[in-house]
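Next come the structures, one after another.
Look for chain A in each of the two complexes below; its partner is chain B in the first and chain C in the second.
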Partner chain A sequence: MQDVKTNKKVIDEGVEAGLAKLTPEKIASVINQVLEKETGARFKAYVQTCMRCGLCSDACSVFLSNDRAPQYSPAAKVKQTILEMINKKGRVSREFLSDAVRIAHTECNVCKRCSMYCPFGIDIAYMMLTVRRIIHKLEITPLYIQDTVNSHAATGNQMWVKQDEWIDTLQWQEEDAREEFEDLRIPLDKDGSDIMYSVIAPEPKFQAGLIYQMATIMHAANVNWTMPSTPGWDNSNMAMYTGDFETSGRIARIHYEAAANLHVKKIVMGECGHAFRSVYDVGNRWVGWTAPPIELIHAIDFYHFLLTTGRIKVKEKYKKSVTLHDPCNISRGRGLHHKAREIVNILCENFIEMTPNKEHNYCCGAGGGVINCGPPWKGTRMVNNKEKSRQLKRTGAQVLIAPCHNCHSGLEDIVEHYELGMEIKFFGDIIFEVMEKTIFEEGN
Partner chain B sequence: MHSFIQFITGPMVWISFGICFIGIVFRLLQIFRLTREKENFMFTFLSVKFSLRSILVWLVPFLPVSTRKSPVFYAVSYIFHILLFLTPLFLLSHVILIEENFNLSWWTVSDWLADIFTVAVICALIFFAIRRRMVPEVKFLTGLSDYVFIILVALPFISGFIAYHQFFAYQWMVIIHVISGELMLILIPFTRFFHMILAPLTRAYTASEFGGVRHSKDW
Partner chain C sequence: MNDKILNDKSTWDWQTPEKQIPVKEWEDEFNWVQEPCASPDGESIAAIVNVDDAEFSVCKNGETWEETFEKAWALKFGPDGRLAALTASDEEWTVCVDGECWEGRFDYAWDLKFSPDGSFISAAIQQDSEYGMSVNDTTWETLYKNISGTLLGPLGNSAAVVQVDHMDQADIEAFAAGLFCVAVNGELQSERYVNIESICFDSTEEKTAFSIRRSRLDYSIATNSGPWKSNFQFAWEPCFINHGASIIAPVRQNGKWHLFKDDSDFWNRPFEQLWKPTVHDSTGKIAAVVSETFGRWGICENNTLLNFQCNTMISELFYSDNAELLIALFKDNDLWDLAVIRNGNVTPWGLKADKLWAPVISADTKIAATRMEKNNRYYLVVNGKVYQNDFDMMFEPAISPGSDKILLKAIKNGIYYRQTLSLDKVL
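Entry: the complex of A and B
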C-alpha cells in the first residue's frame, strides 16, 4: 500500500530487517510447518468450503473505506495470503511476504464481523491470525508491535513498566484521589479481597488519571478490592495478535496466577477490549482452561452492577449528547452491548444510536493490533478508517463513549484526521463526573 | 453403443452413488479424526443448541443481516439450491426409473412444472456466471474452477431439458445427461461441492463460539 502523504510504499524497519535474513528454504519450511502441523480440520474445511461468493465484502470496513476495491475484501485477503502459500507449497518470495505482512497486520482488524456475513460462518480472522503466526515464525512482524510483545515477554506488561514505577504510580494516584475521599486507599496485594482490579500498561504509563477515577468509584461503592504489586496487573496481550501464542498464553497465565495468589473471588478488568479477548477467550484456552479459572468480568459488567444496585448513585445526568461505540471484543466478543446501553441510559440524558451497532458495529479501525503497528502505518490506517469516520459523523453526537483503550486511541486519530470534533470518553470518565461522592453503606 | 448406454445407466449409477456416499462418509470420518487428533477442544465448545439456532436462522430468507445486504443474490441462491435438489428428486421420469427397478415410488411434480424448475436452475447458473464477471469483488476471487463448477451443474439440467423435449441429438443428450449427473455425484465429496456437507459444520462451530462463549448472535 502507498502512504497517503508521501505516496511511497510504507517502510517498516522490523519487517525489512527480517525479510533480508530470509532464505527460500527457511520461508518454505516455516510456512509448511505451520500449515501442516499447527492447523487441522477446521483450517482445511474453511479453505474447502469457501465458494468465493464475495458476500463477506460488505462486512469489512477496510473494504468499504477503500471504495470497495476488490483486494480489500476478507476473502481476497485470504486469497492473497494463505491460499497462495498453500498453492505454492510455501515457495513464496520476499515481496509476497512483505505484502502478506501489510494485509494480515494492517488491513485486517481480526474483528470477526465477516464471520457474521459469510453464509457458512467461515472464521476469516482465524485465517489472518494463521498468516500472522507464520509472519511471527519468520520474524518479520512489524517493529512497533513486536517491541510491545518483547516487553510482554520480559516484564509481564506491554510498556516496559518497572515494578517500582508501577507501585509508585498507584501510590501517587492514591494520594491525589484523597482529594475526593480523605481515607481512600488503593489496596496493594490485599489477600482475600472480593475483587482484583487489573488494567493495561498504558494506564500507569500515560493515563494514570483513569486509576484515580476507578479508585474513587471503588471507594464510593465500598468495594473490598485490591491490585497486585507484582506482574499480572497488566491484562493486555499483543502477543495474541502477532501469533506469538507461547508468550500470549504465558502472560494470560501470569494474570490469573496473580489473582490466585491473592485469593480474590473475582477479577474486574478496566475498559479494554483486546485484553478482555485475551483473558476471557484466547489466552486462557492456550493455557488449557476452557473458561476463565477465576470469575472475570469487564468494567461494563461491573459498572452495570454498581449502578443498578445503587452502590453508585447518579447526582445529575450527563447533559451532552452521547453516542456509543460497541467494541468488537466485548459486544461481538461477549454480548455486553445490552448492559452498555442500560448504563448509558442511567448516566446520560441524550443518547444517539450509531448505525450499524451492537454485534454489527464496525471495528474502531485500530483493533486487532493494527494501531500497535505504530507510526509507519498511521497514514494508511486513516484511509482504511474512512467508513468508520462516516458512521461516527452520521450520529452528530458531541460525545463518543468508547469502553475500550484500543478503540479510544484509534477513534481519537479518526476524530482528529477527519475533523469530527467529538469528545471521546470512557464510561469511567462519565461515571466519575456524574456520581454522588458519598460512600455506599450496606442496607442503605 | 448399446452396451455403453447400458453401462452408464446401469452399473455406473450404482458406482456413482457409491462413490458419493462412501466418499462423504470417508471425508467426514477424516475430518472427525483430524479434529480429535489436533483440535479436540472444538468438541468442548460445540453446542447443539447454538448450532441449530444459527443454522435455522440462516435457513430463513432475509433474517440474517447479510442476506438483506445482497437480496437479489440470496433470493436467486435460495431458489437455486432448493430446486437443485427438488427437480431431480421429484421428476416423473426419475421416479418411474426407480419404480421400474425397485418398485419404490413417491410424489412427483408435473412435467410443465419440472420444465419451469429446470429453466430456473439454468437461469440461476447464468446469473451466477454473470455476477462472477460483473461484480468486482467477486471477479477478483473467481478462478477457472468456479466456471467449471457452474458448467458441471448446468450440464445435466440443460441436456435433460433438451432430451425431454427431443429438440435434437436425443441419444447424445441422454448420454451427456447421465454422465454429467454421475460426474457431479462422484465429485461431491472431493471438490468444493462438498460445501453442502461442510457448510453446516463450519456454521455450527462458529455459532457455538458466538453463542456459547461470546454470548452473541452470528447473523
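Entry: the complex of A and C
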C-alpha cells in the first residue's frame, strides 16, 4: 500500500493567481460583506454554540485518515477559517486565505457526518460552504472546479458539452442500444411524457454506456419517458459547492423549466448524489422553490419502483459478493439507504455490509466538490481517504456498488491507490446485467 | 402569446362534425412508429416511422415522404401547417419541410424553430466544428466556436449567444476576460461578456436586449448599443417596452429582486423572486411572476399584486392578443391549474391536473381552451369546464373564428379524431 504524505504545499494556479490580485482592503471588504449581509441567525447560533468539545472529530474521515491530527477535526477547520475571519474582522492575510482554500475546498467534503455527532447539531458543512462563498467572491477558487462552474454558466452543463454533442451522443446510444431491442428509442423532447430523465455531463462525455443501459431499462419497463435536447439535461451543479449561488440557482431554474416545458409529471435523475442535493435541496431553494416544483426522484427510488412492481424482472441474481457505499447526499441527505439495500438484495446473491453504513457511512472522499478540484489535489485526497480505504478493505467484497458519479470516481481512485482490487459498479450496471430483456406489459 | 397565432382559420373545415384517421394500423405497416403530431387545422397527423434497418421516413395521414433518412427527429407542424423535421442522410444533416430537404447540409442540425406565423424556419447548425444558424436554408456567413440561446424573430431575424474565441482547457483567465457575444444573422452585435443569456428582439428586430455577466460577480443588462451602467448581483430575462424605446428586466440587489427599467428601479419594491416578465406593448401592460414570501408565488401586474398565490410554481404567464386576458399556468400543492385574469380579477379553473398545457384564446377572449391529463386520461377543457370524453392522447385544440366551435384533435384506441364541437356541447 502506498502512503503518500509529501507535506509539500500544493500549487493550484487558480488559487495562486487569485491571491496575487488581492489587497488587504479587498479581503476585508469581501469577508465582512458575506458575514454581515449573507449570514443570519443560523450562522450566529452556530458560531456562539460550538464549545470546541471535539465530539465531531471522530466523525470526520479526513481526521481519522490523518492519524487523528487535531487540525483536521471539523471544529478545528471552523476555528482555522471562518472563526478567524470573524475574530479578525476580515483582516486576514493571503497566506491565511491559501490555507482556508485548502481546508474548505479539499479537507472537508461537506458530507455533514460531523453534524450527526455534534451534541448541538451544528451544521459544519454550512460553515465550510460559507468559507467557500467568501473564496468565490475573492476569486481564489481552485482552478479545476472553477472551470467546471464556468462550463455550467456558459453551457448549462459541467463539462463543456456542446448541444450538438449531447444530442448526437443520445442518438448514437439509441442506435447502439437497438442491439437490445430493435425498436428501442431515447425519445428527445417528447412533450407530455410521464418522465424526464436527466443525467450529469460525464455521462455523455465519458460514460455514454450508462445512457445505453438506462435506455434499455426504460424500454423494458415500458416507461413513457423523454430526455431534453435543450440545456437542462444536466442536473449536476458544482456552483453549489464553490459558493457561486447565482450560477447554482440558474442551473436549477434551467433544469426544472426544461421539465415544465415538456409537461412531464416527474423527473428521474441518474445515479448521482451531489446533483440530487443540488436540485432537491439547494439550487431550487435559492430561486425560491421550497421543494422541487416538479417531482424529482433519484435513480435508487426509480429502480426500487421498477423492481418491486415487476416492471423489471431479474433473470438470475448477480453472483459476485457485493458491498454498498451509501452516498452522503442521498443517504444522510435523503434516507435512500433502506431502499438501496432492498435493491441489492433483489439483484445480488451475496451482500456484505460495509461498516459503518447507512446514514453513518463515511464519505467517498471525493464528494463536496473535492475531486473536482482536480489533479493538483489528488495526492492529498488519497491521504485524506485512508480511512475510507480501510473501511472498503474490511468488507472483502469483490464488487463495490456506488450509486453516485462523484463517489464512483473517488472510489476508483481509492481502489487503485490502495490496491484494493475491487470492481466498482452503479446499480444500473448490475440491473442491466441481470435483468430479463423483455418488455413489461400492464396487467401481465 | 405570439406563438399561439394561427394562420387563417376561416378556411378550415368547421362544419364536418368528425373525421377519423386510423393510426394504429401504421404499426403493422412500419417497424415502429414514433409519437405523432397533428396539424393546426387538425386535418393531418404525422409521425416519424422506421421503414427498414436504420431507415426512417415521415408518415402523414398514411402516406410516407418519398425520401428516407438514416435518422430523423424533431418532427413538428408549423403554425402554417407545414411539416418539418431534422433529417440525416449520408451522415449529413439538414431540415426537411413537407418532404423537401434544404440544400444546406451540415455536420449537425438541431433546435428546429418556426416563426410565429410559420413563414420562417430556423435550425442551429454545426459545420466543421463551427457553429451558427440557418434560416429558410440560408446559413450565417460567419460561424463561431459555439452557440447557445438561439432566437428566431417573427420577421425572420435570428440571434444567438456565440463564443468568439477558442478557449484552452481549464483556462479560467480567458473565460474571465469574456468569450461570448451576441450575433444577429451571423454578425456580432455586442461587446464580449463573461456570460450572456436571454436574448430578446424589439418589434422591429433591429434591437436586441439580453442579460450579461461582466465579471465573476457583476451582472447587468445590455443591448446591441451597450450595457447598463449598474452592476447587479444577478439578472434574469429582459423585455422591450414602449415600442423598443425602453427595456425592463428583473435584477437582484441586496439579496432581493427588483423590476428595473432603463437602469432604474421601476416598481420600487423588492421581491424574494421576480421573473418571467411579460409585456403587452400597445396597452402598456406589464406582468411578472413574483414571490413576496419565500416559497409562495404570485403575479404582479403594473406594480399591483394580484389576489392570487400558489405554493409550487408558475410555469407560464402571458397576455391574450388584445391583453384583455392574462393567463397563468400554475401548480399548487403539486397539481396543475390555470388562472384566467381579467381586469385584475383572478379566476382559477380548479382543474387539479397531472399535466396541463397553456390554452389557446379566441380573438374576442371569450373562450380559452386547452388539454389536460388526469389519471392517465386526456381531456379537453374549455373555460374551465372539462369535456366529458376522455382520450389516450390529445393535441392543442383550436377555436373557430366566430368563437362558436372548438376543434378537438385526439387519439383513442388507435384512431385519430378531428372533431368540431359546438360550444354549447362543451360548456
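Note that in this section the second predicted complex is superposed on the first by the 437 of 444 C-alpha atoms of A that agree within 3 Å, B and C clash if a C-alpha of one lies under 4 Å from a C-alpha of the other, contacts with A are read in each partner's own complex, and residues count from 1 in each chain.
One rule holds in what follows: a contact is a pair of C-beta atoms (placed from the backbone, for glycine too) under 8 Å apart; a residue touches a chain by one contact, two chains touch by 3 or more.
The structure presented is a predicted model; accordingly, all values stated were derived computationally and were not measured.
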- Task: Figure out whether A:Trp233 sits in contact with chain B (first) or chain C (second), or with both, or with neither.
- Result: neither
(message) Quick check for you: in the superposed arrangement, does A:Lys265 touch first (chain B), second (chain C), both or neither?
(response) second
### Touched partner set for A:Ser331, first chain B, second chain C, both or neither
first
Next on the checklist: Once chain A of both complexes is superposed, is A:Thr290 in touch with chain B (first), chain C (second), both, or neither?
Outcome noted: both
Query = Given the touch rule stated above, what does A:Phe427 touch, chain B (first), chain C (second), both, or neither?
reply = neither
Quick check on the superposed pair: does A:Glu139 touch chain B, chain C, both, or neither? Answer first, second, both or neither.
second
The intersection of the chain A residues contacting chain B with those contacting chain C is 290
Residue positions on chain C within touch of chain A in the complex are 31-32, 34-35, 50, 54, 71, 73-74, 107-108, 110-111, 124, 126, 131, 146-148, 163, 169-173, 175, 179-180, 194-195, 197, 213, 216-217, 219, 233-234, 252, 254-255, 272-273, 275, 291, 294-295, 297, 311-313, 315, 331, 334, 354-357, 373, 393
Chain B residues touching chain A in their complex are 30-32, 34-35, 37-39, 41-42, 44-45, 54, 58, 64-67, 69-70, 73, 135-143, 146, 192, 194-195, 198-199, 201-207, 209-210, 213-219
Seen from chain A, its contact residues with chain B in the complex are 39-42, 44-46, 48-55, 57-59, 63, 68-71, 73, 75-76, 79, 115-123, 281, 285, 290, 331-335, 359-360
Listed in rising order, the residues of chain A that touch chain C in the complex are 14, 17, 37-38, 136-137, 139, 143-144, 146-147, 150, 153-156, 162-164, 167-168, 171, 175, 182-183, 185, 187-190, 192, 229-231, 244, 246, 249-250, 253, 256-257, 260-261, 263-265, 287-291, 293-295, 374
